[in-house]
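Here the chain labels run A, B, C and D in written order, and each chain numbers its own residues starting at 1.
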Amino acid sequence: MMDTLFPARPERLCDIRRAVAESASRLGCPQPVVHDVVLAVDEACQNIIRHAYQGCDGDIKVQVSRDDHRLVVRLIDFAPPVDVAKICPRSLDELRPGGLGTHFMRAVMDEVAFLPPPSGAGNMLQMIKRIGEP
Amino acid sequence: MMDTLFPARPERLCDIRRAVAESASRLGCPQPVVHDVVLAVDEACQNIIRHAYQGCDGDIKVQVSRDDHRLVVRLIDFAPPVDVAKICPRSLDELRPGGLGTHFMRAVMDEVAFLPPPSGAGNMLQMIKRIGEP
Amino acid sequence: MNLKTHENNGTVVVSLAGEIDLEHSPSVRKQLMELMFDRRDVLVDMAQVAYIDSSGIASLVEAYQMARKNATRFVLVAVSQPALRVLQLARLDKVFALADTVEAALAG
Amino acid sequence: MNLKTHENNGTVVVSLAGEIDLEHSPSVRKQLMELMFDRRDVLVDMAQVAYIDSSGIASLVEAYQMARKNATRFVLVAVSQPALRVLQLARLDKVFALADTVEAALAG
């Protein structure tokens, strides 16, 4: 179980990756899955930094837990509510520098969804990865 | 004439406003015009911080000069080139928290346009305000 | 930027002062939204606002929308000249409830 | 993150190492783009890349596009396993020119 608040800044992403990798390993994820989960969390946090907080100070609460055969990651921010309709990965056929983050998240995780955030928060993204027996 | 590089960070906007106000005054702008120009520059710099650099480190070069009866402001960034087609102010009839910055810029300045940036730069926004005789 | 609050007969008076720009508007937003979550009636005293930009206005719009949803009061009071100019540019002077003084807003 | 360059017969070899994430990709992008502006042929040695995310990939795509426009070379060399995984997720392993070794890329 991990539940930690991080400043939403590019130079803190490495701390987030370390902490999530450790937590996912401890919760029984095999190593290749740990790498994928870390990538998904990094991409989701990047989007919070770049699109939700847009360069302003803020925090990201990172929660990692295990629910039976599922690793459950929740990212909670305190930015203005996101217009979920605007979030769409670009087609991979179109070659341009951006637009890969949400694609990566959906490619490596089994479920990616915004849920109603806890009161006082701005957004909550939940990502689930099915893993084997504990 | 002003030509200064600032870090693209929210907490440096006040320095940019001070410097632009001083420069515009020295170049002969009447005080209410100075206020409007400062607002337009602040909004343009905000957009560079929020949308062009998206929370990553970077610089903004702020140039203020006078060309006859025109105050000319240029903002140069080193971010990836912006898709100008995506920049549109929201309708003022629609009430939502964002989408006012480009509207303010166009409302207070006489011309607002992206020009081809100097080599090595990412984007150059030029804003012009007509002012009286020097 | 400076933000102070005090209570007056169950209404929260938020006094904003200084420059409400991209550096400070997230904290203004946060404090206003907390009051909105608590469903408080709020007056924002803007007499001492020397500067406000679109990010500051966005915080006010968000709080205003929340107040409307909750049917609580959200009134801008004694709006300074520079802030009024920006509200007018956004044509929000016709949208927000405005009052000249805290007393008038409390009475009204 | 660590970026070193050396020249080999007129071609610039950029050696990337470590973690190319949102903190570091702007500087990778800047250095690659400077080489592109100078219309240099560039090999990017990615053997020591322990991690790369979409922001790092975006810098490579931007440089690749610029190289195509200028008809200069832009080749990814000895791509590490974690970086290859991410290129594959983006289906860019079919887009970029890839080479196993710097020698092979220089010969090719």
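As a convention for this text, a residue touches a chain if its C-beta (ideal position, glycine included) is under 8 Å from a C-beta of that chain, and two chains touch if they have at least 3 such contacts.
Since this is a predicted model, take the numbers as computed values, not measurements.
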item	value
Length of the line joining the C-alpha centres of subunit A and subunit C, rounded to whole Å	34
Subunit A-subunit D separation of Cα centroids, rounded to whole Å	26
CA centroid of subunit C to CA centroid of subunit D, Å	50
Contacts with two or more other chains, residues of subunit D listed in rising order	22, 58, 62
Touching two or more other chains - residue numbers and ranges from subunit B	10, 49-50, 53, 55-57, 80, 97-98
Chain contact graph, described as a line, ring, star, complete graph or other shape	other
Which pairs of chains touch, using the document's own definition	A-B, A-C, A-D, B-C, B-D
Sites on subunit B touched by subunit C in the complex	10-11, 13-14, 17, 35, 39, 42-43, 46, 49-50, 92, 95-98, 100-101, 103-104, 107-108
Interface residues, subunit D side, partner subunit B - complex	22, 25-26, 29-30, 33-34, 37, 58, 62
Footprint of subunit B on subunit C - complex, ascending	19, 21-23, 51, 53-55, 57-59, 61-62, 65, 82, 85-86, 89-91, 95
Footprint of subunit A on subunit B - complex, ascending	8-10, 49-51, 53-57, 80, 97-98
In the complex, subunit A residues that touch subunit C	53, 55-58, 78, 80, 119-120
